[in-house]
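Per-chain numbering from 1; labels A, B, C, D, E and F assigned in written order.
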Amino acid sequence: MIALLKRDLTLAVRAGGGFGLGLAFFLIVIVLVPFGVGPEAEVLARIAPGMLWVAALLAALLSLDRIFALDFEDGSLPLLATSPLPLEGVALMKGVAHWVTTGLPLTIAAPLLGFLLNLSPSAYLWLLGSLALGTPALSMIGTFGAAVTVGLKRGGLLMSLLVLPLYVPTLIFGSEAVRRGAGGFDATIPMLMVAGITLGCFALLPFAAAAALRVNLR
Amino acid sequence: MIPDLGKYAVEVLAAYGVSITLLIGLVLGSVRRSRKVKARLAAVEAAWESTS
Amino acid sequence: MALKVDDLTVARGGVPVLAGISFEVADGAALVLRGPNGIGKTTLLRTLAGLQPAITGHIDFPEDTGAYASHADGIKAQLTVTENLGFWGDVHGADVPDTVFEAFDLTDLRDRVAGTLSAGQKRRLGLARLGVIGRKVLFLDEPTVSLDGFSVKMFATWLRESHLAKGGIAVIATHIDLGLDAPELELSPYKATADTAGGSDEAFL
Amino acid sequence: MSIWEYANPKKFIATTTPLVPWLLWGAIAILTVGLIWGFFFTPDDVRQGSTVKIFYLHVPSAMMAINVWIMMLIASLVWLVRRHHVSALAAKAAAPIGIVMTLIALFTGAVWGQPMWGTWWAWDPRLTSFLILFLFYLGYTALWAAIEDPDTAADLTSVLCIVGSVFAVLSRYAVNFWNQGLHQPASLSLDKEENVADVFWYPALVCIAGFVLLFVALVLMRTASEIRLRRMRALEARMRS
Amino acid sequence: MIALLKRDLTLAVRAGGGFGLGLAFFLIVIVLVPFGVGPEAEVLARIAPGMLWVAALLAALLSLDRIFALDFEDGSLPLLATSPLPLEGVALMKGVAHWVTTGLPLTIAAPLLGFLLNLSPSAYLWLLGSLALGTPALSMIGTFGAAVTVGLKRGGLLMSLLVLPLYVPTLIFGSEAVRRGAGGFDATIPMLMVAGITLGCFALLPFAAAAALRVNLR
Amino acid sequence: MALKVDDLTVARGGVPVLAGISFEVADGAALVLRGPNGIGKTTLLRTLAGLQPAITGHIDFPEDTGAYASHADGIKAQLTVTENLGFWGDVHGADVPDTVFEAFDLTDLRDRVAGTLSAGQKRRLGLARLGVIGRKVLFLDEPTVSLDGFSVKMFATWLRESHLAKGGIAVIATHIDLGLDAPELELSPYKATADTAGGSDEAFL
């Protein structure tokens, strides 16, 4: 399974900066928001926690469709299915690889982008923490969505439609944590919820994703 | 005929109008689809009988 | 008796395509599947390899010893030839022996990125994977597509001397003559008829 | 003799076809009675004025929107466990009905919200989780539509339905946490004090019965259509081969 | 060229509701924003014009990567290049098809979604107008971006990166028009600018896209 | 004189692969390109078809009469066989004659969605496109891949009787015997050496 992770990361690097691009999209969404909303600092500060989380979510979303699609197109997926690796392990590793290439750089960069939206100083720690805990859930949920839609041409948009409602709880708790942090309150409870969702996703979704993959390979 | 709906007439009538339209649409749509499918199946079954 | 297929019915798109197939392949032997386009060779091989369920019948061979290979052989265009083979080796817990590069004439191409290979070179890489993963029962779907005559012979030699000679088994669908001394199974007689039972549609008939 | 016998498509069609017209006309009759009763023969509420009349549409449709999803969840589980085609097709047939129910609940709620809360839409937990439910419905039907092979589609939509249900419950909790809300608490509780006055409640009960019956009739009819489509597909495929 | 448009629209319909999905994504982004930002009506109304435009832009963006990718993968593109159709016409038609499947349904649905964000009533007409005039530009710019990145595996994110800066002027004028409308002012000037951008895009970008395609087919 | 190639050098990945190729193909004649895997057949055909620039040399044939066909033949999995052909007909301003369906044995598959075809059936559909677009000079890259013996004959017949007989031209790269009575060009002697001039890298040498 480590071999799979290693390969996926190598591919991400080779294909012209798989690491940088999720990040770049995150950056761009954050930059676009002031263009759309207007430059007033208070308004931006007010919406900053939410927009940072929404942008992180969209950045994660945009790179999902290729989690399995490339392996499906070139025939790797049936070969992996008949290999000694359990498909659950494959799904898990795909989720992890997606997180390393998207969620991780995003988390690290988020505090920097907080400046652009005038995020209040007390929120930075919570932002970092909630993204670190929450983005793995986004990756794993996304892996499930990708497994369901693998093999469909133009599956990308359909996948967004399937995945986004599943993202709602993570988004609510994650941004609530940052919002409370920005207001100077304690955000332990939403943070715990985010952690719980992530644990649950990693415990259960690999099985659902593997089941979906098996169906799609038939 | 229509009871006095007071100042909310528009809201109430719109709610009833739209809901009933949606319901009727759903029922008619289902019935029409059912009929169409039945007819198409009958045609296919006839072809099937004649081939086998 | 290493691969035993008994009264197999296979379906594609919910419709049975082949029915009543039975055969046995002994250790060290190969079987060539023959039949016109669309008869169901690919479907049969996918079923044998366990990628899709059979409608009826039994397929018997030791678990986790089968490998499937078709036109799409999971080659990553951005990885080099060695990296591609190494990955499949890792997945199967095997090393990549140097003999594989020789057997498939890939020695000169070792460090080439797979995306820059010609059609036939890519095919050779795909076949080389079989030499790496060390599986016993191979299900090969038109393995020699776009190989030149020389490469076809090379592949047949590898199959005979490195795979079958060691007790391996191969079931191969092909339209050309591989130069293998193997029994052939013509699939046309097994074509499913309209009234063949089975298929996910059966409940609706 | 077990209930699973009806999971045979032919048996299902043979049994339900004669029932459907009765159920459908019955549902239409009961709904007409209920709505006419509610619209013409109930008093206005002291606070809400004539808008209480929306109650007779809003509550039954909101209840059905949730119940249809629960029915789809059960049907999906049955399909995954016992692989009875009828249950998968019943789930498929129910989804559009669920969508219409959700739309009615959303629309009547929005129209009701304008006079009551002064806004068409508020991010109240009840409303919000309903919107999420609507999205789940959309995704579910879109997935059905996107997949060519019917059994694959049945499997994948079933998995989606189950995972989606877990997340729907989670969202409901999350949304509650996020906002306290304006919406009425559930008044179907056993606690007598909270209950809506009987004048409003009786016609509402009739409407609820009408909606339930209508749903049953439509699901049976639509499932039969889906079965026929599958049969047609199967026959055509056989004729070609 | 009409044949190409017809085929693309047929494919969009066949592939499971190509029309509905861009729309669905738009809807979902709009729904997510309050989850992130919080439910307060005044805040939402304040950012509504901007967010509607940003969401429209993202919805258009997400469906871009497949404008040419599918045709490239299955080999249609070289065949079209050697056909009697000028590649400029191909690019133009691809842009039009993208608009019909994405921009058009989006424009029609936008006023409805305005409700969800408590958009002020005076803005609806401007919203409709600015989207109707502006989304064609988004589609055409996107077609250019897709032409530049066609053939790259994981080109999706790279394309977003290329295209988003090009979207900025349209976004600024478009959301400004709605914002002025929401404030009860006259928004003719930004509206004219949006129209100008769209005209310019349609006049020039097909040529740029065709040039990019030619290079990528080499 | 309809297709004339003069001292052509072609490159792939910036490196010349074949150099000094010259040949002529008269109206109504075909030319078969031969050579081992990786020699440069695909590269040569793509250059001839105008999909990539030649490094040196001239390619002469009437403009807008060439058509290229390879493994990837632009078939849309969601469209039916008829719709697929109809589209390419529309693009080239041509109708889809019924004879095409017969010539490529697609009559029974007319209304099948292309995604459900077998490998060989898909290939036949890809070739049928050539019968629809009515181009005169065909550049075919391994056209018979995954076709069975019968279909190969069918294709050769079509080529001979419906294309060449009407004054068409075909340049075909293949590893098998098509049963066409056409001159062959062995490419091995033209393999570019390390000192072949040209390629986009040349300025840096």
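Assume a contact is a pair of C-beta atoms (placed from the backbone, for glycine too) under 8 Å apart; a residue touches a chain by one contact, two chains touch by 3 or more.
Computed from a predicted model, the values in this text were never measured in an experiment.
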Subject >> For subunit A and subunit C, chains touching each >> reply: D
**OP:** Look at both sides of the subunit A and subunit E contact and report whether the same residue positions are involved, with over half shared, or different ones.
**Re:** same
Subject >> Farthest-lying chain, centroid of Cα atoms versus that of subunit E >> reply: C
**OP:** Skim through the chains and flag the pair connected by the most C-beta pairs in contact.
**Re:** A-E
Original post:
Between subunit A and subunit B, what is the gap in Å from one C-alpha centre to the other?
Top reply: 42
Subject >> Centroid spacing, where centroids are CA-atom means, of subunit B and subunit F in whole angstrom >> reply: 54
**OP:** With chain centres taken as the means of their Cα atoms, state the distance from subunit E to subunit F in Å.
**Re:** 37
Original post:
Listing for subunit E: what residues touch at least two other chains?
Top reply: 15-16, 21, 24, 28, 31, 35, 38, 73, 153
Subject >> Junction residues of subunit B - those touching two or more other chains >> reply: 51
Original post:
Considering subunit F alone, which of its residues make contact with at least two other chains?
Top reply: 71, 77-78, 116
**OP:** Can you check the complex and tell me which residues of subunit B touch subunit D?
**Re:** 3-9, 11-12, 14-16, 18-20, 22-23, 25-27, 30-31, 33-34, 37-38, 40-41, 44-45, 47-48, 51
Original post:
Can you name the residues of subunit C that touch subunit F in the complex?
Top reply: 12-13, 35-38, 40, 42, 71, 116-121, 123-124, 142, 145-151, 175-176
Original post:
In the complex formed with subunit C, which residues of subunit D make contact?
Top reply: 8-9, 85, 149-151, 227, 230-231, 233-235, 237-239, 241
Subject >> Partner subunit F, residues of subunit E touching it in the complex >> reply: 2-4, 6-7, 10-11, 14-15, 71, 73-85, 217-218
Subject >> Sites on subunit D touched by subunit A in the complex >> reply: 132, 135-136, 138-139, 142-143, 146-147, 152, 155-156, 159-160, 162-164, 166-168, 170-171, 173-175, 177-178
